[in-house]
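Here chain A shows up in two complexes: once beside chain B, once beside chain C.
Right after this comes the complex of A and B.
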């Protein structure tokens, strides 16, 4: 029997359509066509991503001492990882190394540098004039950031000197480093006066080349500004660059 | 072993086996933890403008947590500084990662108001990006996050164009659209998103809108809330308190 040519061609077309339907139906995996399947796998991929910030409650499990101190200070709202950076590795295995601890001076101004757009009342400083060159942590403990205070006995009357000194490079020196104060000064402030340094040698104790204090800037006391006393050029409560 | 001894040891052996079996059963029952139920949650974020100090800790944390490229033009979240002048003109700058324009001190006579506005994907309840995606690669999860399926995304950037908040970018490595996920991988484990975790002033608040005890619900109750571009009917789930009229 001879099959007509047009029937053969129709059969080919039908076969191709049938094959295409079967292929799309059974060969393309459900993960490509079924939303329920590919959504679930995508969510699964998203969920299984690596965590890098451990979260503040994790830290206080071990570092309870620091947490007790921090939670009553001005930084109580800060998470540890705000400053120390992502620390999940350290939390899982403390021997794997310590988290980052910022010590340089440029770190704290990220939040505390003066910026007129910052909300009123947020504590801000101008880094170029606030106690220049010293890292913030010399005066402020970041876990309880209270500025160092001059003894109230002095600042009660000498508040202006206190405010000046607090921003200067001498901020950490006690008043009594340079002045010795008789107790009677409090009763008779005008007739019984505290001592003041009298000679160049006093400043040279820290600032002469070869003096033991490492962090003080050094000059050769024998030749530097020979006929003048130190405080004729440098104001000791705010010793500047000059 | 004689019969008597065998029966004696049997008396001890059978109950001991029972105890061991019940112990094993208990241990086995403990192992599968109660799975995270997406349908019980619906997440959103609150942002208090008056608390933001523009320190960019959130941006840096987001980049670290989510492997966002460090180059300064890829962001999942970013902070803008608005400066409103007395003649009503407005300057908007993105706070730079290092020393940038918005880090400079601008204090001029003609400035009326200046403040920071953190921005991120609004995880809209009616998201335009999902509507336009031609390959069904971006979708809303049951718990309120809008996610991108990197395996399906063909990188056509239609969603980047469609987002009225500019929250999406094309990831230079994968060449797919990328955006904030509310740190979905952290949230399902009960952690806060990285930006909320590190915010030093609690300007960002994350919470579950289905839980009456969540901080976000309280935040919504206590503050006058605004969203960005409400007229577009995208129904954002990032809620701003103290938002200046200029930003809306």
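Right after this comes the complex of A and C.
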């Protein structure tokens, strides 16, 4: 039987392709395709890059006080430069300038903003309702980031107030700033009650236009809602929204 | 994401081409060569997105030479090579061989040499040789259909076999991918046919177009049913992932899945095509309707790929919540690269159309 012309021509093409494949397989020396040839330069390239991080241990050489505090706190797993940024220049010459220190509110939520895929128990907040407008470092020391606590003696019974206040602008005020509590309140909580502020002047100490405290919202205590006590309109454990 | 979309177009275009040869559907003959060339143009570009992802272009040919029977990913090289060299190029060669010889005799220097070389310097135009070509095409097409199924079924297989991802891991995945591939391929060839034919100043063959549209119609129906089946099956199974998938569909994928893929990409075009069938519409209006439908379908299939590829990475693997996808604009896998990759096959097709004009048939 006569072999059709097409088959012959295709056979030639197939032969050429096969020969090319075999040539590349067996004739090109192995050293040329050796991965080490590819990677030799990449190791050098990495090594020659500028060093930017001082490394976690370098910082504690000088800042031992902070390190002592940090290594027992919740942030013990973080290296200093996680928050303070690459600081090799500062480590080599401390007078050359201070490392970056995050003081803005948007920094901490990078890790602590609520996200359902974060592990259970990881402290998470919703930035729009958690103490709005205040920088995180007002209440939390990043080197030992435990928030201010309501005394256990109060929170044991008043847990709901504790949780409300913890998120409010009054988070940093202690219970005793506004309430004085007789010792017998603990034995007879219903008949012996703590005091509540009973005059408008009490709130005005911080909130009057003439008051010295700078970060509190100001009103003119003489004219603002004059017939009422402050807490008849403003709930002191969660005063005002942003 | 561009990659499954492109291979889908390839498989679809080839399956359309094989209708002519295997099932002798005479009506769609005008699109036979066009769909083969379309398949080739898109097939040539299809591995580029992978190449951009992997890097090391100098070692890329290793994909085709290094067998790894336990890796589904590594099988790509063989599926692709088989489909490109064993099926598509061979079929094109047999189809064009006689025309190439005849053209090269009529033409002047540069093109005559190109055509002669492409015919592998073949000279035999006798009836017996042409009959052998036809026979060969028949055989190749019969082998080609399962190969096309393999090529795109394989892409679905890769997604479907990811057990850990409930949005992907489904036995139906290869079949759903395949059907949507057929849908997009037919729509693409229809689009090209409807654009290229008037550009050459020739009338559109309405018999051909109607037939294509009816195939497209059935393919969309089957595709839609399969996807609905998959969806209902998931709902009925109600595995632990169902809540997060429900949230995913209702929030992050609402636009691309419910609005674009299902409403704009399936229900609306099917509605249009049903309307065309119910009311006797004039040819001009029919063209307009078909054109609208195929653009919508193309958009819908693109959204399908988006929903599978991006959607599968939008929820946490512990089902606790959703993640975010931020698209790069520049960058090697960014928006601009993706747009260039989507435009490239049309450039390749333009060259192929110059070298192998599908409408030019050599006189006997």
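We adopt the following convention: the second predicted complex is superposed on the first by the 195 of 242 C-alpha atoms of A that agree within 3 Å, B and C clash if a C-alpha of one lies under 4 Å from a C-alpha of the other, contacts with A are read in each partner's own complex, and residues count from 1 in each chain.
The rule is simple: a residue touches a chain if its C-beta (ideal position, glycine included) is under 8 Å from a C-beta of that chain, and two chains touch if they have at least 3 such contacts.
Worth saying up front: this structure is predicted, and the values here are computed from it rather than measured.
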So, A:210: does it touch chain B (first), chain C (second), both, or neither?
neither
Determine, under the contact definition given at the top, whether A:52 touches first (chain B), second (chain C), both, or neither.
first
Is A:4 touching anything from chain B or chain C once the two structures are fitted on A? First, second, both or neither.
second
More chain A residues in contact - chain B or chain C:
B
Taking the superposition on A as described, I'd like to know which of chain B and chain C A:116 touches: first, second, both or neither.
both
Once the shared chain is lined up, is A:21 touching chain B (first), chain C (second), both, or neither of them?
second
Contact residues common to both interfaces of chain A (with chain B and with chain C):
115-117
Per the touch rule above, chain C residues touching chain A in the complex are 61, 65, 85, 90, 93-94, 97, 120-124, 128-129, 132-133, 136, 316, 318, 320-323
Using the touch definition up top, name the residues of chain A that touch chain B in the complex.
35, 38-39, 41-43, 45-53, 55-56, 75, 77-79, 81-82, 85-86, 110-111, 114-119, 122
Touching residues (chain side chain B, partner chain A) in the complex
50-57, 61, 64-66, 81, 83, 102-103, 105-107, 111, 114-116, 136, 139, 141, 147, 149-152, 181, 184-186, 188-189, 191-192, 194, 197-202
Can you tell me which positions in chain A touch chain C when the two form their complex?
4-6, 9-10, 12-13, 17, 21, 24-25, 115-117
